[in-house]
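Some structures to go through are shown next.
Two complexes come next, and they have one chain in common, chain A, joined by chain B in the first and chain C in the second.
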Partner chain A sequence: MPALRLVNLTKRFGKTVAVQDVSLEIRDGEIMTLLGPSGCGKTTTLRCIAGLLSPDEGDIYLDDRRVTDLPPEKRGIGLVFQNYALWPHMTIYENLAFGLRLRKIPKDEIQRKVSEVLATVRLSGFEQRYPRQLSGGQQQRVALARALVIEPSVLLLDEPLSNLDAQLREEMRFEIRELQRKFGITTVYVTHDQAEALVLSDRITVLHGGKITQVGTPKDIYNRPSNKFVAGFIGLTSFIEGTVVGFDETRGYAIVKTSDGLEVQARSTGLHSQQKVTLAVRPEHIELLPGSQGLSRAGEVNVFEGVVLRMAYLGDTIDYRVRVGDWVLRAHTSTNMVLNHDEKVWVVLSPDQITVIPE
Partner chain B sequence: MSSGSPVAKTTIEHRGRGSREWLFPLLLLLPAVGLMLALYAYPFVSSIYRSFLVKGEGAVTLANYAKARQLYLRDILFSLEVSLLSTTIAAVLSIALAAYLRMATGRIAKMVGAVYRLPIFIPFVVVAQMMNTFLAPHGLLNVFLAQLHLIDLKAPLQLFNWKGLTFSFVWKQAAFMTLIVLSGFKMIDDSYIEAARSLGARLPRVIVSILIPMSLASISVAVILAFTSIMGTFTLPYMIIAGEPTTVTVDIAHRVTYFGDYGVANALGTITYLMVSFAAIYYLRYTVRKSIYEVQEG
Partner chain C sequence: MSKSRLLTRAGEAVLLIVLCLIIFGPMTGLALWSIALRWYWPHALPQVIGPDYWLQALGLQKSLAIGAVSIMGAFKTSLIIALISVVLVMAVAIPAGYVLAKYSIPWKSAILLLFLLPQAFPQQPVFVNLLLLFNKLGLAGTVPGVILVHLIVGLVFAVWISSATFKSIPPELEEAARSVGASRVTAFFRVTLPLAAPGLLASAVFVFLTSLDEFTGTFFIGLPFVTTLPMLLYSSSGYNLQFASVIAIILLVPSILFMVIIERFLKAEYIGGMGI
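After this line comes the complex of A and B, so read on.
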């Protein structure tokens, strides 16, 4: 049974459709990330789940209980905001005890629960401090503790790491994941940061223009994007467009011919001849061979001659932009391979690592 | 020995330049400070000083204060009570209205948001004239209540006393206080309110536990400014109160107009100032503390 179910959810702001016909099932105990660029409807969806916005159409179910019309205070959902939203006039203890007091829990029990949750987020002894006396990371942990201490059925996190610096953000990703596992709480996480989504999530829902474009595990989303938008949004991708002109039946490859005459082979099923397709290739799946080394492989399947257009040193890799025919491909190589601007190079594409996206 | 002199000379030169630099902003401030001293500080200090002088006698004495106490103690307490009551009622109303305007989004809220400010732009004398018509024994309010069979027009509500005065002050000041309180409420990010609601807080709890404490500074400023303004208002009590007791401001005018007694009038003014200064001190302390805090934060 899904812990949270969205059925044909639609939300409009005037004439703008922010969320359109979104249906989604979030399993008990999983962390589902709503991922997409600004304005894709991810925060609107989250706010509808929280009860802070009323959907125009569709329904929301929590543990099979319809909550669409319930106000936020009756949903039992924990919410963590980008700006932490810790009340500055209350101590950390008072911030955490707020939700428990509303539930009329005895004072001793409140003290015990607050101490426990503070210990879990490694902030024991901070009870009497005020939010302004804490660092950004500590404040975010308190915000998380405040949402968790009421033992909500679902935890919603709205870009909770956006205000932190890069290093802390990376640390907190793992910390949130660990806490979520420890509490076993069903979590919906909103972010536009694909790296964050890949690290944190059990599953990812990619949203674009208010609609779901793909739902899958991080591995699925990264390795088998279902459309050009997902392929482009998650990680770096180079695209080659063409038409299916034949098949290599023995190896199960489709032969795709581009407008400039390149013939690229890629593993695929369910394609038919003359079908227009887009081939998506990740930079780490493109092999570059310097002139002399590549010459010996010229004429092989998916080996093309190219020219280095640009290079950027990324520390652990080098990012090359290489022109092959009419296409510009991005490839990441080890720092040992140094190619120069305008240098001739051979580009090798593995057919098994090309994603074919039918139009 | 020879190496010591140039250093000393440089220090002296530096100090000399420093003092000149310090003097220039002072000169720029002089016109403004001069005007303040001439138009505000001098009359103010002078009126306090003259409150200790009796007409025809040169010696400093407390006679004016004794006379003020003897003749106007009831009015002094009346002024304080009406001011406190009016400020309290206006504060409660303004907080409620500001909370409504902060939280509600509908068409009615927009309309209320546009209309509530009107009393701010109506002068006290006009308010007093309006209230004269509205609160009169056969005025609009009594006629309206009689229509609802809540009162008999043969025995109308008598409102030209502390009740009418309080009503008028609240009517005039609540709008101004709402403006200040609402600006404080609007500065609170939605997420603070939404966090409380997601934890189970209903609207009254959100107002009491989040909105009011987080806007305490704005509310305090609104309360202090309204209290100070009410304490110093002359027109409203002068035109509304029939008979006694009345407010100190009316007594001051009375003392000057009919007796030319500036000594007692100044004593009453000083007493009023003392009552208001408790609020003023808090306000000044708050604004100074806030500016220091802002500098530190910056």
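After this line comes the complex of A and C, so read on.
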């Protein structure tokens, strides 16, 4: 039974459709990320789940209970915001106790629960401080604790790490993941940061223009993007477009011919002849060979001649842009592989590591 | 202490003295005038001083010789009008400001403009017109009539300030309260209102002081039956500078008192946490 279910959710703001016909099932205890660029409808979806917005069409079910028309305070959903949204006029203790007091829980039990949850976010002893006396990371941990202390059935996080600096953000990813595991709480996590989504999620829902474009595990989404948008949004990807002109039956490869006459072989997944396809390749799956080395392999399958357009030293790798025919491919190589601007280079693509996206 | 630091200190001291002179200098004149019984040119200080005008103004002495009357009646009228004005203005300004800040309501700018409209025209024609209307309604020359005029003046600022105050509070604070189980009303009273308190208090003080000082409207609508402190001040300022000084000082007291209150509240602990 899914813990949270969205059915044909649609939300409009005036004439713009922010969320369009979104149906999604979030399993009990999983962490589902809504990922997409700004304006993709992820935050609107989250606010509909929280009850802060009411959808124009569709329904929301929590544990099979229809909550579409319930106000936020009756849903029992924990919320964490990008700007922490701690109440500045209350101490940390009062921030955490607020929701418990509204539930008329006895005082000693409130005290026990608050100190327990503060311990899990490693902030014991901060009870009497005010939010502004805490660092951004600590404030966000308090915000998490405040959402968890009411023991919600679902936890919603809206870009919770966006206000933190890069290093802290990376640590907090794991911390959130651990907390979520510890509490076993069904979580919906909204972010535009694909690295965050890949690290944190059990599953990822990629949204684009208010619609779901793909739902899958981080591995699925990264390795088998189902469309060009997902391939381009998650990680770096180079695209080559062409038409299927034949098959290498023994190895299971399709032969794709581009408009500029390149023939690229890629693993076929139910393709048919004359089908228009887009080939997506990750930079780490493109091998570059300098002139002398490459020349011996010229003419082999998926070995192409190219020219270095641009290089950027990234510290651990070098980021190259290489022109092959009409296409610009991005490749990451080790730092001992130094090629110069305008230098001739051989590009090797492994047929098994090319993702074929049918048009 | 090094020489340069000594110089800085000295500079600061001089600046402070100059500032004090600028701020309190004119008031010293007022204080001197309020106790001057005889002060002729070219004397730098009054020749004869005494508390007679103060006693007279406060109603503790009833002498016909120095041409001053008790101001206590007018002071009471002024205070009552100002306090009622504050309560009524805030009763409108708090909900109006909240709604204007939080919800996208149709004709929002038109409504805000409507509040501004009375200030957009010269005051005298507006008040003369109002007098004609109030005469028909039987409000001319009454305390309720004067209060109504003060409402018109006070509402503009109060609605604008409270709307700006509510707008400065991140909506997530209220939403977070809702998510942990607070109803709309609870969230407002426990989260938004306490955070807006300093701004609302400032606008209440502003309304209070404006009402206390208001002259033009009270002159047209209130006289001759409703006499407030500014009425007395204006009518005596021409011929009795001592008495006018006493009234001026009395008018200053609430202002200074409220400045202290504002300053205390605006420095309250949680303001520092607002910059999220």
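Methods note: the second predicted complex is superposed on the first by the 359 of 359 C-alpha atoms of A that agree within 3 Å, B and C clash if a C-alpha of one lies under 4 Å from a C-alpha of the other, contacts with A are read in each partner's own complex, and residues count from 1 in each chain.
Everything below uses one rule, namely that a residue touches a chain if its C-beta (ideal position, glycine included) is under 8 Å from a C-beta of that chain, and two chains touch if they have at least 3 such contacts.
Owing to the predicted nature of the structure, the values given are computational and were not obtained by experimental measurement.
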Practice task
Superpose on chain A as described above, then tell me if chain B and chain C fit or clash.
Solution key: clash
Exercise for the section: For A:131, select first, second, both or neither according to whether it touches chain B, chain C, the two together, or no partner. Expected result: second
Exercise for the section: Answer with first, second, both or neither: which of chain B and chain C does A:29 touch in the superposed model? Expected result: neither
Exercise for the section: Examine A:39 and indicate which partner it touches, taking first as chain B and second as chain C; both and neither are also allowed. Expected result: neither
Exercise for the section: Scan A:209 for contacts with chain B and chain C and give back first, second, both or neither. Expected result: neither
Exercise for the section: Examine A:98 and indicate which partner it touches, taking first as chain B and second as chain C; both and neither are also allowed. Expected result: both
Practice task
Based on the superposed arrangement, let me know which partner A:52 touches: chain B (first), chain C (second), both, or neither?
Solution key: both
Practice task
Report for A:78: first if it touches chain B alone, second if chain C alone, otherwise both or neither.
Solution key: both
Exercise for the section: List the residues of chain A that touch chain B in one complex and chain C in the other. Expected result: 50-52, 71-73, 75-79, 81, 83, 85, 87-89, 98-99, 102-103, 146-147, 150
Fill in the blank from the handout: Residue set of chain A touching chain B in the complex reads 50-52, 71-79, 81-83, 85, 87-90, 98-99, 102-103, 146-147, 150
Exercise for the section: Name, in rising order, each residue of chain A that touches chain C in their complex. Expected result: 50-52, 71-73, 75-79, 81, 83-89, 98-99, 102-103, 130-132, 143, 146-147, 150
Handout entry: Interfacial residue positions of chain C with respect to chain A in the complex
Key = 170, 172-173, 175-184, 186, 190-191, 194-195, 269-270, 272-276
Handout entry: Contacting residues of chain B [partner chain A, same complex]
Key = 189, 191-192, 194-202, 205, 209-210, 213-214, 216
